[in-house]
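Below are two complexes that have subunit A in common, paired first with subunit B and then with subunit C.
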Partner chain A sequence: MKTFIQHFVHIHAQKVLIDGVLRYEETATALDFPAFIRNVYKHFEMQYPKFYKMDDLSKLAFVGAELLNLKKSDVYKSEDKGIVLMNRSSSLYTDALHQASIADKNNYFPSPAVFVYTLPNIAIGELCIRHQISGENYFFVQEHFNPAMLTNYVSLLFRQKHIQQCICGWVELNADNYELFLYSVEQNSENAVKIVDKSPIFASLNLEVDHILNDTDNIKKLYKL
Partner chain B sequence: MKSAYIIAHHLISALGFTSKKNVEQLMANQSGIRLSDRYSKGLELPLALIDKTAFPFEYKKEYTYLENLMIHSMEESLHQASFDYKSERCLCIISTTKGNIDLLSNEKDLDIPKERAGLGNMAEVIQKYFQFYHAPMVISNACISGSMAVITAQRMIQEDMYDNIIVCGGDIASEFVVAGFNCLKAISHQACKPFDAHRTGISMGEAVATVLMSHEKMPSEKISFEMLGGAISNDANHISGPSRTGEGLTLAIQKTFEMTALNASDIDYVSAHGTATIYNDEMESMAMYRTALDKVPVNSFKGYIGHTLGAAGVIEIVMGIECMRANMLIKSLGYEENGVEHPLHIIQENATKAQTHFLKLSSGFGGCNAALIIQKQEA
Partner chain C sequence: MEDLKLKLKEQIIEALNLEGMSPAEIDDAAPMFGEGLGLDSIDALELIVLLEKNYSIRIEDPKDGRAIFESINTMAAYIQSKQIA
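The block that comes next holds the complex of A and B.
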């Protein structure tokens, strides 16, 4: 069964790319992640006050998913939509905050607002609430981005009719770095991004009438964009 | 489409170091929960801890506590089967929420690098130990991780992506999780009482559980267990509280029925998630009511082994299978008086009942839910 990439978003090194096109760049001196992601949120005029309560991993996933422009193609039932995410560091960045709050017996202050984010799939929960997604949801943790594992499993979910649309990708955040590569996939190509740009990176993709097929090779190439 | 069978298993929990020991303790209605302040200095809380003084294996210093347990459990499982686990046709799936989280605390295992707190890093250490062909797939989806791993394995075997899959679920008790659940006011000060009117929260547990899943039955076994199918859903409602209407879990159960062409009247027994928090048990009973499962015998194993997080699905599936093999319904420990809006058929005393299908339910933070059905087949 063929499935197609609707849109794809990259966020890393103070840049935001949508469908491979640079849409925002923080040119000021290096910002820390919280300041950077707040600027992106404001720049794209996002409106979702709960954003400010999220931990950093969820903020990254949230902003990425907003930029996928899912509303435009929202023709699926909530239960037919899924999310499959992967990263390296799970929720370890927030885990360290929780650990620091219990390290000193004389200054012991574990906080529910921090602890609830010490699971990577909380980011998925946030996206499910925002986009009313109630189907299959997976968080894989792998030492390296594993496009074959991701693509093979997402394809299985489509073939076995568990989902008709899916948000997929790599959402990594640790103390030193952040890297998001998020994309949406569906069975129909009607809503899929059209590749008319024939620059080398796009020319090497497996296309079907200008639409990007969701396969391991394509995901590998798009990730590196 | 191929079938997926659970052909071997091995359990480590507060009830003991083998599947056999765990099942014997269940049948005798013995709980592994004891009061302890090991992870909450000065405050005694009920915990279901593995007996570290009784390891039936040599503890390997270069591996963490959790890795030692996982390696032992996988080795003991693999001894029971004869397939080539180093082959390209074999995959290992690890389900865990927190992995080597104890490494974050400064007091622990200083000879082990802190990077091993990374779940992928831990998985590659285990891959290297066993010389698995593929890097293990690590599923970290809160408390449904274990059930998801079994569902995922079945789907991949069904499509002939692999012949054999080793599913290992594991999570250890730690100050990290105890302090966390305690600050959420989700921990009971006595052994947990799932579905009871006086329930006040969970009892933390720790466990490692392995199941071997294969496209082939064990030729020597008279009874086999086929994993028929399952589904995963999300409440899309709240990140740390379950839906009040049981919407997500209802959906997972309905999809599982659809997929397996079975319905509530085919289910002989339900192993509930039953954490004994006010919200979980209410939500779960609502979902069971909505799917006509409220008359089917149900228990929660949490009164025996506590809440074992990423291991919970795997260990409770094994317990469900063994109860089905013995045609036994096991008392839901801690239950005395109905405490949910839609009363369930809670198993109050051990009983015998012929069983063919059992349904496992799981729910977790992040709004996730899973349901799956296992069928007993007699040759």
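The block that comes next holds the complex of A and C.
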């Protein structure tokens, strides 16, 4: 069964690329992640007050998913929409924040708002609420981005007719770094991004009528953009 | 009492990450949950922690929070009553 990449988003090193095109770059000196992601949120005029209450991993996933432009092709029932993410550090950054708040028995004030984010699945939950996703959802923790595993798993979900649309990708955040590569997949190519750019990286993709097939080679190449 | 309310609002804005909101925008009498500030159940737990951390007031039964956290007015009155006691 063929499935197609609808849109893809990269966020790393103070840059935001949508469908391979640089759409935002933080030109100021190195910002910390909270300041950077807040600037991105404001730049793209996102409206979702709950954003400010999320932990950093969820903020990264949220902003990435907003930029996938899901509404344009959002004709699916909630139960037909899935989400499969992957990262290396799980929710360790938030786990450490929580641990720090309970380390001193004389200053023991764990924050409920921090504690609720001490699982990577919570980032998925935030996206499920925002985009009305109630189909398959899964968060893999892997040493490195694993396109083969992700593509095989998501393809199986499509083949078994569990889902008709899926948000997929790598959402990594730790104390020193952040990296997001998110993409949406559907069987339908009608609303999918068209590759008209014939630069080497795009020219090497497996395409069908200018649309990007969801296969391991393509995901590997797109991730490295 | 007015000083306490202002301080309370500043602490709530910080503790609950109410980005872009100033103390002046929070009505003393407006409900904090539902229509007012739109707080949720996790925020209620944060308010319990806020009282304990900043005012050494411990709410033993979270159900009591419903009346205490109705508005800035009720919260400030509760803090004041505990401080006098």
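Here is the rule we go by: the second predicted complex is superposed on the first by the 225 of 225 C-alpha atoms of A that agree within 3 Å, B and C clash if a C-alpha of one lies under 4 Å from a C-alpha of the other, contacts with A are read in each partner's own complex, and residues count from 1 in each chain.
Keep in mind that, in the parts below, contacts are C-beta pairs under 8 Å (C-beta built on N, C-alpha and C of every residue); 3 or more make two chains touch, one makes a residue touch a chain.
None of the values given here were measured: they were computed from a predicted structure.
Participant: Which partner chains sit in contact with A:49 here, subunit B, subunit C, both or neither? Use first/second/both/neither.
Facilitator: A:49: touches subunit C, not subunit B.
Participant: Who wins on subunit A residues touched, subunit B or subunit C?
Facilitator: B
Participant: Using the superposition on chain A described above, determine whether A:78 touches subunit B (first), subunit C (second), both, or neither.
Facilitator: Only subunit B is touched by A:78; subunit C is not.
Participant: A:90 contacts which: subunit B (first), subunit C (second), both, neither?
Facilitator: first
Participant: May I ask you to decide whether A:116 touches subunit B, subunit C, both, or neither, giving the answer as first, second, both or neither?
Facilitator: Both: A:116 reaches subunit B and subunit C.
Participant: Quick one: is A:102 in contact with subunit B, with subunit C, with both, or with neither? Answer first, second, both or neither.
Facilitator: first
Participant: Across the two complexes, find the residues of subunit A that touch subunit B and also touch subunit C.
Facilitator: 110-112, 116
Participant: Help me check something: in the complex, which residues belonging to subunit A touch subunit B?
Facilitator: Result: residues 78-79, 83, 88-90, 92, 95-96, 98-99, 102-103, 105, 108, 110-112, 115-116, 118-122, 124-126, 128-129, 132-144, 146, 149, 152-153, 156, 159-160, 162 of subunit A touch subunit B.
Participant: Which part of subunit C faces subunit A closely enough to touch in the complex?
Facilitator: Within the complex, subunit C contacts subunit A at residues 16-19, 38, 42-43, 45-46, 49, 52-53.
Participant: Using the touch definition from the top, list the residues of subunit B that touch subunit A in their complex.
Facilitator: 41, 97-99, 101, 104-106, 117-121, 123-124, 135, 137-142, 148, 152, 155-156, 158-159, 161, 175-176, 179-184, 231-240, 247-248, 251, 255, 364-368
Participant: If we count contacts the way the header does, which residues on subunit A are in touch with subunit C in the complex?
Facilitator: The contact residues of subunit A facing subunit C are 38, 49, 52-53, 109-113, 116.
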